[in-house]
Amino acid sequence: MEQTMAQDELHEECGVFGIYDLDGHDVASSIYYGLFALQHRGQESCGIAVSETQGPKGKVSSFKDMGLVNEVFNAENLERLKGDIGVGHVRYSTAGASTRENAQPLVLNYVKGTLALAHNGNLINANELRHDLEYTGAIFQTTIDSEVIAYHIARERLKVGTVEEAVQRAAAKMKGAYSIVVMSPRKLIGARDPFGFKPLCIGKRDNSYIITSETCALETIGAKFVRDVKPGEVVTINGEGEIFSDMTNAIDPCKEGRCIFEYIYFARADSHFDGISVYDARIKAGRFLAQDSPVEADLVVGVPESGNAAALGYAMESGIPYGTAFVKNSYVGRTFIKPKQSSREQSVRVKLNVVKEAVAGKRIIMIDDSIVRGTTSGLIVNMLKEAGAKEVHVRISAPPFLWPCYFGTDIPAREQLIAYNRSIEDIRDLIGADSLGYLRIERLKEMVSGLPICEGCFTGTYPLAPPTEDIRGEYER
Amino acid sequence: MEQTMAQDELHEECGVFGIYDLDGHDVASSIYYGLFALQHRGQESCGIAVSETQGPKGKVSSFKDMGLVNEVFNAENLERLKGDIGVGHVRYSTAGASTRENAQPLVLNYVKGTLALAHNGNLINANELRHDLEYTGAIFQTTIDSEVIAYHIARERLKVGTVEEAVQRAAAKMKGAYSIVVMSPRKLIGARDPFGFKPLCIGKRDNSYIITSETCALETIGAKFVRDVKPGEVVTINGEGEIFSDMTNAIDPCKEGRCIFEYIYFARADSHFDGISVYDARIKAGRFLAQDSPVEADLVVGVPESGNAAALGYAMESGIPYGTAFVKNSYVGRTFIKPKQSSREQSVRVKLNVVKEAVAGKRIIMIDDSIVRGTTSGLIVNMLKEAGAKEVHVRISAPPFLWPCYFGTDIPAREQLIAYNRSIEDIRDLIGADSLGYLRIERLKEMVSGLPICEGCFTGTYPLAPPTEDIRGEYER
Amino acid sequence: MEQTMAQDELHEECGVFGIYDLDGHDVASSIYYGLFALQHRGQESCGIAVSETQGPKGKVSSFKDMGLVNEVFNAENLERLKGDIGVGHVRYSTAGASTRENAQPLVLNYVKGTLALAHNGNLINANELRHDLEYTGAIFQTTIDSEVIAYHIARERLKVGTVEEAVQRAAAKMKGAYSIVVMSPRKLIGARDPFGFKPLCIGKRDNSYIITSETCALETIGAKFVRDVKPGEVVTINGEGEIFSDMTNAIDPCKEGRCIFEYIYFARADSHFDGISVYDARIKAGRFLAQDSPVEADLVVGVPESGNAAALGYAMESGIPYGTAFVKNSYVGRTFIKPKQSSREQSVRVKLNVVKEAVAGKRIIMIDDSIVRGTTSGLIVNMLKEAGAKEVHVRISAPPFLWPCYFGTDIPAREQLIAYNRSIEDIRDLIGADSLGYLRIERLKEMVSGLPICEGCFTGTYPLAPPTEDIRGEYER
Amino acid sequence: MEQTMAQDELHEECGVFGIYDLDGHDVASSIYYGLFALQHRGQESCGIAVSETQGPKGKVSSFKDMGLVNEVFNAENLERLKGDIGVGHVRYSTAGASTRENAQPLVLNYVKGTLALAHNGNLINANELRHDLEYTGAIFQTTIDSEVIAYHIARERLKVGTVEEAVQRAAAKMKGAYSIVVMSPRKLIGARDPFGFKPLCIGKRDNSYIITSETCALETIGAKFVRDVKPGEVVTINGEGEIFSDMTNAIDPCKEGRCIFEYIYFARADSHFDGISVYDARIKAGRFLAQDSPVEADLVVGVPESGNAAALGYAMESGIPYGTAFVKNSYVGRTFIKPKQSSREQSVRVKLNVVKEAVAGKRIIMIDDSIVRGTTSGLIVNMLKEAGAKEVHVRISAPPFLWPCYFGTDIPAREQLIAYNRSIEDIRDLIGADSLGYLRIERLKEMVSGLPICEGCFTGTYPLAPPTEDIRGEYER
């Protein structure tokens, strides 16, 4: 038996959440709620580390394990996490390195006491940095980039006067995507790579300050959005509630490169990054599809959940009614096992079913956010036809997916991508649709009102030169 | 710490799934998939019992426990369930009697071998039947009605020649709501009460026959709908694939009384019962609301998931655009714990967040399927306003909820119902809406095209005289 | 992988413990401690059921599961067991029927309220009684004899005025071995079969009364031994602390038949039954062996734990020094798994190791309580030789094991018994001993000072005619 | 509720087991068996790490968790541990630092690939070494000494040509007690501190080489003892089965200091270290007690298990018969919970009961290996008296326990030791014995035939100057 459908989806590689309650209240339950709001960013492991800023300097309580937030945490272990400053993490990783040892936050003792660190992103020079460290006698107990970052912070701390300077200097050595939250005994620090690949924002609730991956986590705990952490910025929040900004690592804003897939797929529709609402971007993508790939039809439907907003945009723009074609079974989770004799079709059917009455006899425009391998798409098109749809026109709210990502998204090998070496017409034929339209690459920047973005997975051109070797090879087991 | 939000929702009390594979293939994985499709009908416990029709008569393998389908079953215990005939069950119950002993299916040895039984519904004469049995020396090891039914089947079996006759005669003694699936060594039997309170249908996939609560479970396993089990009918499927129907217990069709709440709320939108599509009924409810409680507004939104179809109907009828206002966090499940210091508001926010961009500056029509205590509704209205909605008009796709249910729905005491002793205007004020409209009672029958229904929870008039005493008292602990 | 060594040992089939605290204190923790003391009588499942005699009549709280006492019970579930009267049970069973459903105590509702029942022993007419009940419409949810007993109590209760009378009349129908403890809402009742196969005794601590399998459980909870329950007796303890005795079912004392294997092997050395100390009986067995099978040697050692007392007796009688030859690893428990590539020898070595210094160069007399299949014995003799023992003389503190037991001991099929169709000399040769001596059958009665005993497993002659068919066949799966 | 009796016992701090199978067979199951044999050395956590010497250099599979060997390992996780070289560990620690993070073996990547390390002992300069490392930028993820050792190995490896040289040079920096097993990709290395505080030995089975804490682990897996690792020695076993010895770190043999408590209490009686049998040492201790503290009596008994061998020695020397007074309940394990209302007496009674028949009316000499706080001893003496013992003469096979241990034994604070500031007569009075005798300090060396020993816990004089500060303070949380 094996887990299922995971193979035909893309995966984010983490969410981070840090909080400092200046009034000294325990923060573990706020982190717990925040991680629920970030769960879509990583479902393999999660963890929380907290500390008492008024207690013995450096006493950290932490708990982390494989599993979802509601599997890992219970009344008992949450109760034991006492502290007014803390960080949390949810993680997705490729199967091999998905071990308990690699769960985050990383908690460590170093020259100046303790530190807990949560990281979202992927470094492309992690191996070089790792080797350099090893040649000065470092030992590594995990295979995650966070440990490399932690080492560099510790080493820089020997040279400079504050932990935030050490974070800035360590960050200057990192190449790639990183949004980091660091808990030191009396400071909460956030850092975002100069390209701004991954989101990171600041929030506030009463006398508590939060640094986290998405604004939806702020709203979930009742906090207000303060501002985004800027690309290249190191932000420090101290015990007086002062926010210090260090822009040493920043680059020319025009060279920044936000991950466009955060807007298309990864992020929650109720989040906004760098001034752009995820929901608005998706609505726009739908509108662009309606403009660029129009088709006569009776109903626009989204593949839940992520296709719904673009479908709404398509419906608004085209005037074709929006409808619901599918019931999604939310009880079929990560741990769903696939009995031996089950087919892939069975695995899709248990997750998704068509509402016959909604589609029978109709020409359907079906909006999805991506086609990866194409197997699931083909099955869904087929389900619509079986339910009586006269035509099924598939529209994808992103361009064809063609290149690897080195900055934090887990993508299958090129050969497994349906768009690799295939024409749109071939793909249409394979998935059995009556017509197929992708979002035009030119539309991506328009979707986010001109923000500089990374669209490497569609174009092969990255804001930062990708590594020449497979960066996952050596340490992932 | 305690579980949350459950208090402000209504609950179904079970789903059943039986299957007989005439080709002798194992059926446990099909039951497992079927139970996933029925999980919305009960999340407290579940179980599967199977038997080999060609093996030693009566060897039943079973497994049941507290928890969701994906918590209770794993590769190992599914593997051990060998058999070509079987029944499965998902269960919700009031807190007190939610014990492992009460999980179903009930497996038993009796005079003619073995039997496994799964039951959805609630008997109003269970206590009398139980007492009668005790006065002839019966012992009871659970507090569920199913055990009473099992006893009667066993006793009737002494008097008649076949198990299906025994089921029919036992059913004749039951008063109340029941949809039952019985597995005997070589027959699969289904029975539905004469009023047809709870749904039950027959399906077929290749050489397998299925009797289950909802048609969505048929589609999930790739089976075709054959027909509904009729109110009062006992259906028997034997090893030759013959389907026998016994209508002895049937009553005047005009006196039947389907549970209207199945259409409004409990059932999955992709199911249909007795010729009526749940989706269609909900669309209609939305249309009726638009006709009967019109209001000027910019956007119609549903409270996910169950409010969405009615919202679509409202939008269609009114011409006001349909939109999505909420992101629902599907990772917050049954086992979500509520840390001590958390407020009810926090509990709602972790489940539901508003997409500001979708609602800001707009007049919103918010469709929900019911208001029970009203606390959650108030919080949601408030969230919309905080997000910038100019007006919030609440429309409920059911009449006000005023009376107890004796036939399988778990309803709070009258005093806790928001509509009890309050005018619509009072309720509107309490939940902070700008206007409030309920579905008119007259519309209920129209929703289901004239099917005879039970609308007792709205009117206090039931198809069957309710018990004079509290029927849950004595055996529920 | 599989569990190990179990195959080469004999097994008891249960221990029972009932307690009634007249001062109204909770009894669950006393039962928990009592079950620890009885754990050697059954390691497969255990359970506790309690009730509040001053609470609503019949509210029983219970918990039972597969596993050892310290695996099944924890702070949380013990805390929830509130009540001043209760029964507990530890169970061993043959593999097939070792399911959670069959765990005890059995808790039931019947005509007069509730009852919890714990049973040690084996009925030889259970199938007949079961069939008789089925022909009057009974249903069975387990495959344990206790359910048959419970039914009969419920039925008799309809005819008589008190539960104790019902127990007595039900007991009168049972053939075979039974020691039962019954908890009714306000009475604690014990019953022992007329032959007294299995032990049962009464104890008292302050204002609490206990009925349990072994006196060691009394001492473990700090209670005093009051007296044994007599063969055929039904004992009732009421809320005033009165003890009523009903001897209706008793037979001619000379025909009684205590299980001699309780003294030889099953019971703990610190228990005493029917006036005879288990320890004394084992010391005597050792002395008899020294008298009847003397041999020149340097050291007498016991195979731990059960061979130690007899070894001490042999040493006393012979004047040969007693010593310790083995270290037993008590961490290797029931759940020890045996990796695929492991040999039986490995399985023995992980449990038992020889202290070389104690045996090297010496002629050893090794005392064990039985040889079942002989494989383990052979390995142990070999280990002694490897450790340098010059000679190994094996003495068994029981006669050769030759016949099945129908009264509660799980014995392999005759063909698997080493003594079946083999001479003593053959057995000696097989296990590699230099000499071999068994206890003479005549000595058994002497061991227990003339108590009437059942020695059927050695002689094939039973106090009660054994069943003609295999009594385990039909209901054990 | 809390765990119990642990407080009144002394604890060892670990056992190690390494193995290299030159024929390429998997070693995980041998480690698993070996850890069972070492379980008495640590019951809080355990782990196994293995590697394939012919596979990709450095691929380590490992599993570790809190719990006993049979709780942590099961068929599934053992099956996944593929490799022909490996190390295992069992651990005891003081409560605070008893976390999953601190479980061993420690697995790490460093400059030359991977390493797994298991450690028994306690360094007294760990904090200094840790600080030194931190001042060169090291980070620490655990609070165990093993991480300090690992760092030094990694750093030394940069300077020298082989891992074994690095181990030797790292060891040269350690002060205190350590017996280490290191797995590198193609070598198994063992190192023992110059004082030889903790045992370590080499074994061989067919073409497999083993380095482990105790010889009993060799016998358990069917291996032969080759020799002890010498104090100060670094032993390396390569892929050709060659054993290299490096004695660079050795000191004057007369200054060595074996832990005498290994012989008295910690080690299993079937082990031998440095030429001395643990069993023989205990027998001698008993004989010395008989010579130095004679008393007229009828029976000599040991407090199980560790008092039994000394009791036998006392009996041999005195001519007073040896007997068994206690039944120990081996089912009461580490996870035994103590319900709130339970007394300490209850906790002792559930573990130990007196066989009345063995002691009633007799004058008893009771041998135990130590009195720590004295509470348990007092309860046991009382139990013997209650059982009818006329006199109870306590003899302890060690001198009074008076000083802290810095080398790996967990000892309560001085104020809690019964012998602190009390005369022998005071202690005798407190525990209620009729007489009390301790082993004379002069006898300790005699017990082990003149081996140089550390007897610091009795005399306050250590082979190595103890630290001036509390060495556990800073990093243990």
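Order of writing sets the chain letters: A, B, C and D. Residues in each chain are counted from 1.
What we mean here is this: a residue touches a chain if its C-beta (ideal position, glycine included) is under 8 Å from a C-beta of that chain, and two chains touch if they have at least 3 such contacts.
These numbers come from a predicted model, not from an experiment.
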{"item": "Inter-chain centre distance, chain A versus chain D - centres from mean C-alpha coordinates, in Å", "value": "48"}
{"item": "Chain centre separation in whole Å, for chain D relative to chain C (CA means)", "value": "36"}
{"item": "Approximate Å spacing (C-alpha centroids) for the pair chain B, chain D", "value": "59"}
{"item": "Multi-chain contact residues (two or more partners), chain A", "value": "none"}
{"item": "Chain contact topology (line, ring, star, complete or other)", "value": "ring"}
{"item": "Every chain pair in contact, whichever chains are involved", "value": "A-B, A-D, B-C, C-D"}
{"item": "Sites on chain A touched by chain D in the complex", "value": "59-60, 101, 106-111, 115, 130, 134-141, 143, 147, 150-151, 154-155, 158, 475, 477"}
{"item": "Chain D partner contacts - residues on chain C that touch it in the complex", "value": "1, 25-26, 28-29, 32-33, 36-37, 39-40, 43, 68-71, 73-75, 78, 216, 219-222, 268-270, 272, 277, 279-280, 305, 308-309, 312, 316, 321-324, 327, 329-333, 335-337, 339-342, 345-346, 349-350, 353-358"}
